């Protein structure tokens, strides 16, 4: 299996081959004598040249982080064989910018109307969750093109709420 | 679903029906207004007339116990529709008595030979596990009819090691 | 002693009180809202009753419903925990009328201390030192005049307030009017009372508080201080005992004032006198919290006492089992409040299903948790998951121990503020105890938090992270995340695509 | 201080030492056998090296292999934990020769204390009180003569022994010869040394021990006592600090003797002097354990100190950071040793996969665990899973707290001795501290343990249990149990059938 993994702002190529004694791993073409054991769901124990690493996978609705000891890395894994994955990736790189809900909650206020000019960082709507209100801001200078929600609407994490172009 | 459950030396009949709001439960024909939630795998939260019970299922290789608060009950569940279960049950009730390994380990000594007369409680073989040696005794007075293992053999929990008739 | 106690709360504090009751042979009655049926406090109690839907005002703040459960279950006393009804004098009074003992001070003391202006008047009469300011609610005009007199910066505060709601710092006359009105409207929204008052703003103060205990026979003692200066938006984040700047003499002085304040208010049971301490180590009465504090465990560690046991004993009429001279402090304790919130994204709440939970333990570690692996943290309440407390012979060792425990701690499925604590505990100012109530906000507004928290240049580790990410993808086990319960494989792709899109669009950096 | 320490052990004590090192900024090197690749201590260490197959003599007892890892990893010191090589003077000496600091006493002190007969001679010379008996290995004839002189009952003990191996109690001359020979052959099998000696047997003694700490600059202190009288077959099961029968005067006397014993042996680092205490509270030297004890956490709770931190400081050449007068005891601590063994079935070991693990926490609770949910406890080593320690202001509260924690604790998939502890902690003799080293064996040989542990007449509870058993069957989730990994449904049937058969055949009652 071959994966493209984006970690620490670099794209790395990871080749994994199952062998009898475990996994054979190549990182960017370099073979690493890795000893891998899954201890719990989402937790790996890795040994490499005597060093011991406990790795935890921190998955939330929005993203996957990899915790190595006490270092955390955001990780995006792409299986290059997956066509769908590639297409989405390309689409994501262009087009208008979306404002997305970072957590589930309720829309309590909308601070701009469709067609308004907005500055980068200007609050566009307010979401309430767990007794806290949080402003969601425009990711860029432009015009508010779409508003997908109304005050009072319940929203899920990751849901696109508005679009600025 | 109907189950026969042996708990505290009594056979009880439990009828369970899934309803929209959870389970409808009858115990020996009596309906109980039970509120059931699975909190973790093997753990239930039960509310009955305001009383709260945390129930844990303690399963080992050999048996199932039900822990209610700090009370433990051995439980044998039989689904009367299961023919296989019934046959095994009948077979188990008669015939010669087996000596079974209560835990995985290694046979270190055999103290009687096939054909020997043995008393109830007489040690027949010795198993070692986790640095401890433990004698397994004859369940009844009789003759050692079978010996399925030899010294040095590794045995699994529940494995029949010998038979006395 | 009571035979049965109702706990009018949820989360870790309900669990904490249930444990204390169990240790004292007292039966426990839990109450819960619709979304808390599977909560830990429900399973752990001996009895549990549904009291309403998710919104707190229809369940955990529903006095009638809670008293109805008390009656039905024949509970003899009610422990209110903290938050919810714990400082509600009407509730305490209703308990009394219903013949149920409220585990806390008398309603009169709660009312006195609950109104900041009345408390100020009473405490000034008792000789308690105060920050210059008003002792009653002010009109805009009065407030403007007073601000000119005591000089900016000043702080506007809600009379009925707490928890940072309805507070505004004003540094100059030009911003005064808008801040005053904003504080009034927030106070009205939060507490149903628009009254606000004014105080001189102390630059870079420390927040240090004294725990007091008073029985119903006139005995009041103090149990040393807690340093609670690490706050974000006036909410405590880390607490410790003792304070690095309080010596024996200052402790005695603050303690004497605290005991005097409690006694003069007719206070009983556990309470806390909060002080602001300026850079010359002058201390000023801030307010009294008329309940058990979130941070009581650090006091328990250094005194060796159990405050909830003592609350129950006091409420049942027992005398305090010790005198002031029997109280001795030993070692150092630190508490971190673990929240379901994302420190890399403006501390947005992060409710949802806890898919994995690895809890620290071992020497000197206590965890008071209200959650378990598989539990879905509801949207509806304060997102505190648990309190992690570390004890060691001295402060440096307690910090090191807490860091060790934080490294062990892991919460999967939702975001938590765990990474924030490592950052604080590694900060030279925290390590040298140069902290004040602005420390954390300064730390957070400094260099980009995101770039700090996510390692960039630890190359060995990023290699390992890259390989591990691929290994997880290759060995993905089904993880149900949230109500939709997608399979892991499907989710991995969706998640990645979403994340990629989000990054491109700059959402993550908001 | 060391930069890197190798831990020559496994299980909870390896985890304990790794935690201490991490807290002190020391890198850790773990060693592991084939079956321990997924063990907790391997994941938690900074480095980890395979040292051989499962049998301890080829891995954790393999001195050459361990020193090779120390060399390769450039570890500056080795912490041996307890058990395995911890009291092996040859290992300590080999460490010294390899230029690696052994964290423990000098080999000479270990050798002196490791031979019970030599230890007796040296301690008698130092004026330490002794149980009447021989101070050297005896022939059968000599032993018979001595037994007649000091009068039965007498105890035969292996000179190289420990842990109850090679010990025989003899109550009359007729059984003497066979017991003597049995003890000799067991000593030979267990320790490679058949030498045995003789002691007067004290009826119903208590086992009370004194913790000592000695630095390498001639300073030795004691840290109070531990009561370890709750034993099964001479193995400690519950330990507490302080002892209910030791007052300040007795503590001072025992402490002075312990310090004298350690000093006269040239002892350094942490060690324990074990005493037998008779019903008149006379105390007699039993032996010295030249290592950290399993039960050290109870001392840590009541003194507020961290013994492993202090071991590391002492071994790196630091002076003790306190004097005897600085040591004060506060509160009461109790430890339960949680084992994978079946108390309802003759304490048979119960290795296997831990399918579920719910761990207690909250106020006053410490857990030092070596396992995690999903870990398969191997057959090959001591089956201790974890140590549960409860602290409270007094003994009654500590017992209540431990009971509360035991109720919270749950281990699924394998048997554990958790039910045993509840039984002990509810026993009136334990509650009133009327315990001696025979207490537990008497309790166990009393009424049928099985019928005690399994509730019969709690009708409400058995109703709930019956319904729950059916609910579990109806909602069975796949549980993988052991290496075969059957699905739950299949296993349910197999398990039930096997259990039924086993019950019919009387195996369970063995």
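Per-chain residue numbering starts at 1, and chain names A, B, C and D are given in the order in which the chains are listed.
In the analysis below, a contact is a pair of C-beta atoms (placed from the backbone, for glycine too) under 8 Å apart; a residue touches a chain by one contact, two chains touch by 3 or more.
Since the model is a prediction, treat every value here as computed from it, not as a measurement.
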Task: Distance between the centres, which are taken as Cα means, of chain C and chain A, whole angstrom - done: 31
Open item on the list: Based only on mean CA positions, could you tell me how far chain C sits from chain D in angstrom?
Closed with: 39
- [ ] Starting from the mean Cα coordinates of chain B and chain C, work out the distance between those two points in Å.
- [x] 48
Task: Contacts with 2+ other chains: residues of chain D - done: 44, 358, 372, 407
Task: Contacts with 2+ other chains: residues of chain A - done: 40-41, 43
TODO: Name the shape of the chain contact graph, picking from line, ring, star, complete and other.
DONE: other
- [ ] Could you please write down every pair of chains that are in touch?
- [x] A-C, A-D, B-C, B-D, C-D
TODO: Using the touch rule from the top, collect the residues of chain B that touch chain C in their complex.
DONE: 35, 37, 39-41, 43, 45, 47, 50-52, 54
Open item on the list: Help me check something: in the complex, which residues belonging to chain D touch chain A?
Closed with: 30, 37-38, 42-49, 72-73, 372-375
Task: Residue numbers on chain D that touch chain C, as the complex places them - done: 15-16, 19-20, 22-25, 44, 297, 300, 304-306, 308-309, 328, 330-331, 358-359, 361-369, 372, 392-393, 397, 400-401, 403-404, 407-408
- [ ] Name, in rising order, each residue of chain C that touches chain A in their complex.
- [x] 340-342, 345-352, 355-356, 358, 379-383, 406-407, 410-415, 419, 422, 453-458, 461-475, 477, 479, 481-482, 491-493, 495-508, 510
- [ ] Would you tell me which residues of chain B are touching chain D in their complex?
- [x] 1, 3, 5, 7-10, 12, 14, 16, 23, 25, 27, 32, 34, 36, 38, 40-44, 46, 48, 53, 55-64, 66-79, 82, 84-85, 88-89, 92-93, 97-100, 102-105, 129-132, 134, 136-137, 139-140, 156-158
